[in-house]
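Sharing a structure here in structure tokens format.
Chain nomenclature is as follows: A, B, C and D, assigned in order of appearance, with residue numbering initiated at 1 for each chain independently.
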Amino acid sequence: MFAEYTASELTAIFAMQGFAGLILFSVLVLMALGLAIIFGQMGVINMAHGEFMILGAYVTYLTSNLFSEYMPSLFDGYFFVAMAMAFLVTFLLGMLVEWGLIRHLYKRPLDTLLATWGLSLILQQIYRSVFGAREVGVTLPDWMMGSYPLTDMVEVPINGIFVMVLTLVISIGIYFLMFRSRWGKQVRAVVQNRPMAGAVGINTEKVDRLTFGIGCGIAGIAGSAFTMIGSTGPTSGQLYIVDTFLVVVFGGAQSLLGTIASAFTISQAQSTMEFFLSGSMAKVLTLLFVVGILMLRPQGLFALKIRR
Amino acid sequence: MNHKQITYFPRKDLIGFAILAAVLMLVLPMALDVFRLNLVGKYLTYAFVAIGLVLCWGYGGILSLGQGVFFGLGGYCMAMFLKLESSDPESTKIQSTPGIPDFMDWNQITELPWWWEPFYSLPFTLFAVVAVPVLFAFIISVAMFKRRVGGVYFAIITQAIAAILTILIIGQQGYTGGVNGITDLRTLLGWDIRTDEAKTILYFVCCLLLLASLATAQIIRRNKVGRILVAMRDQEDRVRFSGYDVSNFKIFVFCMAAAFSAIGGAMFTLQVGFMSPSFVGIVPSIEMVIYCAVGGRLSLLGAVYGSLLVNWAKTSLSESFPELWLFGLGALFIGVVLAFPNGIAGLFQRYVEPYMPAWYHGRVAAKASEKGNSTTSGDNVTPDTSEEVPTGSDKQPATLKGGHYVNAE
Amino acid sequence: MMKKAPPKATRDDSQASRRGLLKMLAALPASLMLASQISWAAPATSEVNTSGLAVTDDTVTVGILHSITGTMAISETGSVQAEKLAIEQINATGGVLGRQIEYIQEDGASDWPTFAEKSKKLLVNDKVAAVFGCWTSASRKAVLPVFEQYNGMLYYPTFYEGLEQSPNVIYTGQEATQQIIAGIDWVVKEKGAKSFYLLGSDYIWPRTSNKIARKHIEKLGLKVVGEEYYPLGHTQFNSVINKIKLRKPDVIYAIVVGGSNVAFYKQLKAAGIDLTKEKPLLLTISVTEDEILGIGGENIDGAYAAMKYFQSLDNPNNEAFVKAFKERWGDDIVIGDVTQAAYLGPWLWKAAVEKAGSFDIDKVRAASPGIELTTAPEGYVRIHENHHLWSKTRVGLAQPDGQYKVVYESEDLIEPNPFPEGYQ
Amino acid sequence: MSTQNDFVLAVEGLSVSFDGFKAVNDLSFYVDEGEIRVIIGPNGAGKTTVLDLICGRTQATEGSIRFRGKELTKMKEHAIVHAGVGRKFQNPSIYEDLTVFENLELSYPKGYTVFGALAFKRDAAVIEEVERIADTIFLSEELEKPAGLLSHGQKQWLEIGMLLIQKPDLLMLDEPVAGMSVAERRQTAILLRRITEGRSVIVIEHDMHFVEEIADRVTVLHQGKVLSEGSMERVKNDPKVVEVYLGH
């Protein structure tokens, strides 16, 4: 299929295709990080993850309306405010949900799945009642759309770079939070041995609530960022849920590094296959590939072999 | 001693079955017009799935979020037969290739694919309705359970499988009818399935099959297999070190659940007159779990009532307050999980059964009086009872340890 | 954004009780009723309704069947609003055969079996005289056997793939050839397009439409350089955008639907494909003003769409329609092709009923071919023998404000041809 | 080496590592017919891991485990059980939702396959055996009780009973008296003496009095290796042992 193209065209295309893979990778990481924290560290399956993301997107939408109404001069920078707001709102809602729902279900992971599914239905209907059934269009500052030409052929989408940088920042942030901060130590202590953590004076309930809140908050940021590349409607969140879970499970639930590695594997597999096959078949093959690997390695790619 | 014999149908289960049979076969047909009866028939097809989930999830602790796959496969097998019958060369003569299903013609397929051919035969179709989904379930479950994938991981993987199959069915529209599904099914061996009379007959067929499935599930449940399932759910390692190959039992129960779902799917196709990929997907699969949870995940009869109740609520609520329906359904999910983990059946056992007369419990009078009223419902957990729900004890029901982590301790 | 509906719209909730009241009225002594009939000068119910439909001496009940929950609610909301508006306008001008139209609204919940169930309820239980509804082909295919079995009448508003012609459906949107051929002819003639890249969501309408497009393109001796489908709801289009860049088609022919649309156009723009430069040019048949609301006008600026109606159409009918629509549903609302087609439904039905002098389905059906509507916002339409509409096709150029500028309009009405010879 | 078939169990050169950490390191020991072997050692010495390795719960990285001449390292758990190895867990591992009778019945060695289980009949032989075992483990009166309602000690006995009914040749018990009252502990010692007739037993235990009471020989594990082995008397006086374990 490449016979008819020149060498420079091919290089350009491969470069751009590699870049497309990297964008997809960042998107998957961003989607999955929040879930990886919640699922991996707490064992809670949050089926409403997609709805938290969309909440972040709606917050972005509201913020953009607010800025264009009252502070049009600052519009170029509103996106950062929007992301902060998105984090805050989803973080608070996350804590509320943990308090009202999740904390009663820690011993029953499969039941959290059903309960959060119920929550996702309710959130969807709330969005529909509040924002209408139609998708809303989030206006983005001009500098975020468009592309930066590297060469004649190779153009780099700015929003792609933005997502990549954001992913990097959040990943590093989480790394410091989990492995360098006091809170991270507490979370890991609670995950490893809850009664012991409680005995040494860690307020496990508070840690749980914060962990869930932060997981949801990251979903909110992800949703906010996704207004650049995807749609914002009451049911948009459902589009992400299967992919997100597969990324987390494929990576090995308890390993954040695994989540990142699995996002990388899946994104590269998918974007390569999309290039050579039709979109639907690429999707099917990617999912099959992931399911197949999971059957061979049920703990996921990066799970530690632990002592039982 | 009452442990001497295993009774498959203790008295109170028998009474329950009889009441259900009477409701389905007598009360509803007399009370409802054909339209509503047909709707109930449709709900009952979901009850097949719910029964399978009781065995597989309630007893075996295996939560599948992909039961729609088997429901759909069963339904598609049936639909293929009916579609071929309604696509005879005479009634499809306006097509560029008469004699093949209309959607194939729209997709420029000029010859019936080889794997459609066997579905000209009704016996083969009836066989395939169960065999295809069971085979599929067998492949999935062997691959998963032999590798000890369980709990949450299994749930998520079944979900992914549902997603894969949906995309495939939609993408291969020339062979499957795509997103529209296989529609416009008319006759079964020349018998018009769209008339009121046919709908009534199909309703009764559906009821009979449901009762037969219930009886089968009841036997499995009361059998040693049933006890192994409970044991496995609670202490998988212990079962393994008692010398059982745990995966085989999981495979068995998963295949049984698939078989029930498939029968439900086939009956759905017959009663509703089409099959579409919207049943194979994730959303209906999860909704089917809620039917089971509402009824009580440990109660076969509860599963049937749960399916009827949720769907009836859905139909009537969405007729008058469509916006409220999603709130209602969402609240139902949360409420059942938080407040009534054993669903309707659990409520019944806790609040109604203790007040039932002795004949209902099926004990000799002497025995009942000897036990007296020392505990509220201590009787409930003797081998004679229908459900292993330790009511009366205030601990979280021990029956909810469904989720095993693959790599947790 | 959907505004809270004015009190009028709450009528469907109180429907049941009101109809109960009307039934009681109907049971009043005949002499009393006679008096009221004379005063309204409407034909007697026994004359206009011989098949037991829900028609009383002063009302007739119809059904509205769309998804107001689930993934399709995004698209179908506009149709519901248009149908309600048309019904209210008809009522305000005296109703149909002297009877006010009442409607029962049902939710298809984006689920095809639910559509079938609800349509059956409307026909069997409620005995509605007509149903305005459905959006996706799948929902129409699901309800079709029900309408044929119980002999109902469906007014279906969406542009669709064709290959169907039911005596029980009036198709008020365009079938594929009407929309596609005129559009492609236009880009070939006006823009000198030579090569096309076909892209769509993976289901029957885009696939069939692209099939017709491909046949037509090849018939013109031009080239299709790529054809590709993505699952519904897909949100990552970077790979296909790269492929498009590699193949350098003159035209991207895009039939992406739903939420995928938003992702596709945003990513297209981000990848540096400026549609206003028309290199390549993008021609779509799936993005109406409704969809642009979600995509954002600035992201689709410069794309062309081929369909029969744009909100910006400049004619007195449309001006009045847009004004009425905004008054009823709010100022910031937009109107897309399907919404307009849905608006035609009740009017076409009214015209057919009045021509037939009866609500009976068979008589309405017999009267339907040849019914014309000179007041249609899109201009003049006429029902063809095959139950589709004769209509014009226009090409619009998307503007940053989310509206289309009409750049071309077919000279004559295009004949609907649901079973195009040589295109299958 | 050549005489390993005389032993019931021969563990040789056994190693397992978890992500680089060697929990068991080149371990060898032999258990005689009819012997009660007690394994002791400080926390993290790898005691439970050794049992896990023998019963197939954990896969060995290296080495062999031969039971009556059969290599166990490559066998599945249930096959190891069928070969005659029974294992009791540290925490009582019983089926709380089933009755004592059903708990024992499930362990009765019949109907191991799915279809075997479907065809399983609760016949006289089963009932007789269950009642006999229940008598041995002091639970005759509790047969109809849900196992979840038993006391902690009774649960431990029940699990031992569930092993006995399998008639294993090698019984492995992980801390069988942990959490028991003094009276229960005494009864357990009697129980263990009674059930070791005709079979070998490996016990992990911390309670030194109990160990002295029952052990034929003692193996001391430290950091995944055998530190010392022999009679309780000998082990107690081994200076290495005193240093790492008893001396504290």
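As a working rule, contacts are C-beta pairs under 8 Å (C-beta built on N, C-alpha and C of every residue); 3 or more make two chains touch, one makes a residue touch a chain.
Since this is a predicted model, take the numbers as computed values, not measurements.
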{"item": "Chain D reached from chain C - shortest hop count over touching chains", "value": "2"}
{"item": "Chain whose Cα centroid lies at the greatest distance from that of chain C", "value": "D"}
{"item": "More contacts between chains, B-D or A-B", "value": "A-B"}
{"item": "Whole-Å gap separating chain A and chain B, where each centre is the average of the chain's CA atoms", "value": "34"}
{"item": "Distance from the mean Cα position of chain D to that of chain B, given in whole angstrom", "value": "41"}
{"item": "Between chain C and chain B, distance of the C-alpha-averaged centres to the nearest whole Å", "value": "38"}
{"item": "For chain D, residues that touch 2 or more chains besides their own", "value": "57"}
{"item": "Residue numbers of chain B (touch at least two other chains)", "value": "167, 170-171, 323, 326"}
{"item": "Per-residue overlap in chain A, given as positions that touch at least 2 other chains", "value": "125, 128, 238, 280, 283, 304, 306, 308"}
{"item": "Contact set on chain A toward chain B in their complex", "value": "39, 43, 45, 47, 101, 104-105, 107-115, 117-122, 124-125, 128-129, 238, 241-242, 245-246, 249, 252-254, 280-281, 283-284, 287-288, 290-291, 294-296, 298-299, 303-304, 306, 308"}
{"item": "Of all residues in chain A, those that touch chain C in their complex", "value": "5, 9, 13, 16-17, 19-20, 23-24, 27, 125, 128, 131-140, 145-147, 149, 153, 155, 157-160, 228-236, 238-240, 270-271, 274-275, 278-280, 282-283"}
{"item": "Complex contacts: residues of chain C adjacent to chain B", "value": "13, 16, 68-69, 106-107, 109, 111-114, 116-117, 120-121, 124-125, 136-138, 141-142, 144-145, 149, 161, 163, 202-204, 207-208, 211, 229, 231-232, 419, 424"}
{"item": "Chain A partner contacts - residues on chain B that touch it in the complex", "value": "57, 63, 65, 143-144, 147-149, 151-153, 155-157, 159-161, 163-164, 167-168, 170-171, 282-283, 286, 289-290, 293, 323, 326-327, 329-334, 336-338, 341, 396, 400-403, 405-409"}
{"item": "Complex contact set, residues of chain B against chain C", "value": "35, 39, 42, 94, 96, 103, 105-108, 167, 170-171, 173, 178-181, 183-186, 194, 272-274, 276, 278-279, 315, 318-323, 325-326"}
